[in-house]
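To keep things simple, chains are lettered A, B, C, D, E, F, G, H, I and J as they appear, and every chain counts its residues starting from 1.
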Amino acid sequence: MLFAVKMDVALPTDMDAQLRADTLAREKAYSQELQKAGEWRHIWRCAGQYSNLSIFDVASNDRLHEILWNLPLFPYMTIEVSPLAQHPSDIAVSDS
Amino acid sequence: MLFAVKMDVALPTDMDAQLRADTLAREKAYSQELQKAGEWRHIWRCAGQYSNLSIFDVASNDRLHEILWNLPLFPYMTIEVSPLAQHPSDIAVSDS
Amino acid sequence: MLFAVKMDVALPTDMDAQLRADTLAREKAYSQELQKAGEWRHIWRCAGQYSNLSIFDVASNDRLHEILWNLPLFPYMTIEVSPLAQHPSDIAVSDS
Amino acid sequence: MLFAVKMDVALPTDMDAQLRADTLAREKAYSQELQKAGEWRHIWRCAGQYSNLSIFDVASNDRLHEILWNLPLFPYMTIEVSPLAQHPSDIAVSDS
Amino acid sequence: MLFAVKMDVALPTDMDAQLRADTLAREKAYSQELQKAGEWRHIWRCAGQYSNLSIFDVASNDRLHEILWNLPLFPYMTIEVSPLAQHPSDIAVSDS
Amino acid sequence: MLFAVKMDVALPTDMDAQLRADTLAREKAYSQELQKAGEWRHIWRCAGQYSNLSIFDVASNDRLHEILWNLPLFPYMTIEVSPLAQHPSDIAVSDS
Amino acid sequence: MLFAVKMDVALPTDMDAQLRADTLAREKAYSQELQKAGEWRHIWRCAGQYSNLSIFDVASNDRLHEILWNLPLFPYMTIEVSPLAQHPSDIAVSDS
Amino acid sequence: MLFAVKMDVALPTDMDAQLRADTLAREKAYSQELQKAGEWRHIWRCAGQYSNLSIFDVASNDRLHEILWNLPLFPYMTIEVSPLAQHPSDIAVSDS
Amino acid sequence: MLFAVKMDVALPTDMDAQLRADTLAREKAYSQELQKAGEWRHIWRCAGQYSNLSIFDVASNDRLHEILWNLPLFPYMTIEVSPLAQHPSDIAVSDS
Amino acid sequence: MLFAVKMDVALPTDMDAQLRADTLAREKAYSQELQKAGEWRHIWRCAGQYSNLSIFDVASNDRLHEILWNLPLFPYMTIEVSPLAQHPSDIAVSDS
């Protein structure tokens, strides 16, 4: 089941440098593990912004929440979730 | 070059039934042609809304505009465009 | 899988009376059928507004979209969808 | 009398760990006590957000305010209240 | 139980003159009947706008909805409802 | 001359406890003095929010500003002012 | 007593030409009569928009409403009212 | 004196085809005349939208308003105006 | 050339008292100097808010920016600028 | 490929003076280097605001993001990006 997720990051400008570096490293590792597992299908940077647009493919709303809640950057993020469905014009699902 | 495009459709409730059917058929054919050509990479329905979220892969802003401007449903759409860049955590572009 | 759905209805003030009555009757029958089937778990009127707040329990985003897209009032509605997950304080899912 | 209440939580990222743990424990106990008493009818997590959607069944606006004002997390919350009424299509209240 | 209700009226500029006059007369009579009965406690015009701010004193959310839903101008209104509670500084309810 | 005033209060979560208690006590005394004098006609709590809706009856815009500017909580408030006029359906001012 | 009033005009693009010309002529005469009487102190066009920013000097909220309600363009306007007070830095009212 | 102007166009979907063609032709001629005269310095299409972003270089606010007010598409446009000033980092105006 | 400027002030609640007093004194002197020079034509307090609405009469956008940028309170302000033009109904500029 | 970019700057009012001066000097140098290289085509100050409107001419979305992400003021900015295309009325690209 697919979800589009927009994540906006706002790190405090006076954040401790070590905490910042550690958090970003853990975020990257966490994201890549889920990408390899197939649940985090796409991640794109929104040009000019500290934001990403991602596509998740998960078994349930509960699993989606579990993934997002445990993001190392979660306390610094504003997150918007859009549940996606098949589009009738999608050539992958249409016979016309 | 990737762009996320959100399209919200608002057809008049008193739209002529034949015009409506023709426009929707042309929209589907137009979309599928571009999907097959590889410029319209993804199209998803936003659950519960007459909207889609699409990912385009085009050579330029001008080409993106040309594609969207010629959508048969363009006069009935509100469109939001977000230019996308590679994300440093993307496993497709990262070596970590 | 649970979703909160807010539906705002805007009927044209000059809508044909028979069309209006028929559409409302079909909407009610459609809603009650889904309530009886257990997919439309709650429906409440938002006091003072031509709106409802509903809770759906469905198997997937695709099924949710199918239900909402086929609402007889869909062409007259603005719909907002919020995917819900279990809350750790919910006594139904917590042992504390 | 039913109310839908949306609660968004924003804890300071530098909040004292002990204060945070204590506040969350008190919040959970407070919520579960009211759930058992029947006034806090539902609590759902909004997927991907530090937010919940709840349904309260209380005797009056004053009682609703008393409950919300005394939430241990109240100083960290943004709260939106929607009074609910019976919907004519609700199978629990309709004979059609 | 008190509620603040803001009503914004938008009559079509091409509304039939007789229908308009009849609707406004019925609205006035309906409002005054409820004012005399004590449920519609205050009605003020918002200066410079086709809007009013009203205070209702009703037994329940259901009664509030019933009153508002049956306003002759309801199909032309945008309505915002705010449930009110006693304020601790109110001299009518405070002993300090 | 009547004005509706919505006041939203946002106290810092780390505010000094004594300063907070003093400020709230002064706010209450200040409000009650003006209520007794007849200029602050109504004060209601907005259910579930640290906000009030108040009705003032003052001689001028300048007097209204003087009252609000001197609220002990003014530096912590977001304030919205709506000038009110007599409504033609008000039974207190209508002979129909 | 001063008020800033922003008026945005939206005439239907298919408005009858004679009705339009008559309404605009009546609006201009009405405005100029009030300017000469001293109640409509300033009127400026907002550059690039079918809008004006005006300053009124009236005896009361009720008089302000009466003036605005009777604008020939009132049914086509969105109006925003801001009550003004003396500013302590105004050289006309300050001795510093 | 420079101004950034964003123009969003919304033509009625049932607009008369001849009127539409004539209006668009007049708009293009009008714009190009002002471009050649040097007052309309830049015009860009906002990708995916029936909108443009333009830069004007005019002698005064009054001249800017005169130009925009007389756009053949003005009745169908929403216009946003931003006055521009020299930026201290602009290499055309900086010696550093 | 006229501009309407809305300035909203947000001083930190923990601002140093001496810095605050000095900044406010400098702001007042600065404003009054420009009022006497004729460039700052009007300044009004928005009732109930730490805001003012001002009218400036300056030679250019650059001069307007220079004035506002050098306001002692500029770092604490949110500023909105609206370029104004003559209104055809203004009796000062109309012969009808 | 052209992009309009709006950058709003919000420096903390208690920012270290040396850090502030250094950051601004680096920002200016960085901007001017890109202007000289031809990628940062225009930069204008938005009158009365700590904001600029800029036009970039870059090879790709990725290059645009790289430029903006490395702005010394990036952590203090809110940035809005609008991809631009050729406008059919532009005399530089039109033969009519």
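What we mean here is this: a residue touches a chain if its C-beta (ideal position, glycine included) is under 8 Å from a C-beta of that chain, and two chains touch if they have at least 3 such contacts.
Everything numeric here is computed off the predicted structure, so don't read it as measured data.
Q: Count how many hops through touching chains it takes, at the least, to reach chain G starting from chain C.
A: 2
Q: Find the pair in B-H, A-B or A-C that has over half of its contact pairs, by residue number, in common with G-H.
A: When the residue numbers line up for over half the pairs, the pair is B-H.
Q: State, to the nearest whole Å, the distance from the C-alpha centre of chain H to the C-alpha centre of chain J.
A: Distance between chain centres, rounded to whole Å: 21 Å.
Q: How many angstrom lie between the CA centroids of chain D and chain J, rounded to a whole number?
A: 44
Q: Taking each chain's centre as its mean C-alpha position, how far apart are chain B and chain J in Å?
A: Centres of chain B and chain J (C-alpha means) sit 28 Å apart.
Q: Enumerate the residues of chain H that touch no fewer than two other chains.
A: 2, 45, 47-48, 61-62, 64-65, 81, 83-86
Q: In their shared complex, at which residues does chain D touch chain F?
A: Within the complex, chain D contacts chain F at residues 5, 12, 61-62, 64-65, 68-69, 75-76, 79-81.
Q: Flag every residue of chain D that touches chain C in the complex, lowest number first.
A: Per the touch definition, chain D meets chain C at residues 2, 4, 27-28, 31-32, 35-36, 42-48, 52-53, 55, 82-91, 94, 96.
Q: Spell out the part of chain G that touches chain H in their complex, as residue ranges.
A: These residues of chain G touch chain H: 11, 13, 45, 47-49.
Q: Which residues, counting only chain B, touch chain J once they are in their complex?
A: Contacts found on chain B: 1-3, 60-62, 64-66, 81, 83-86.
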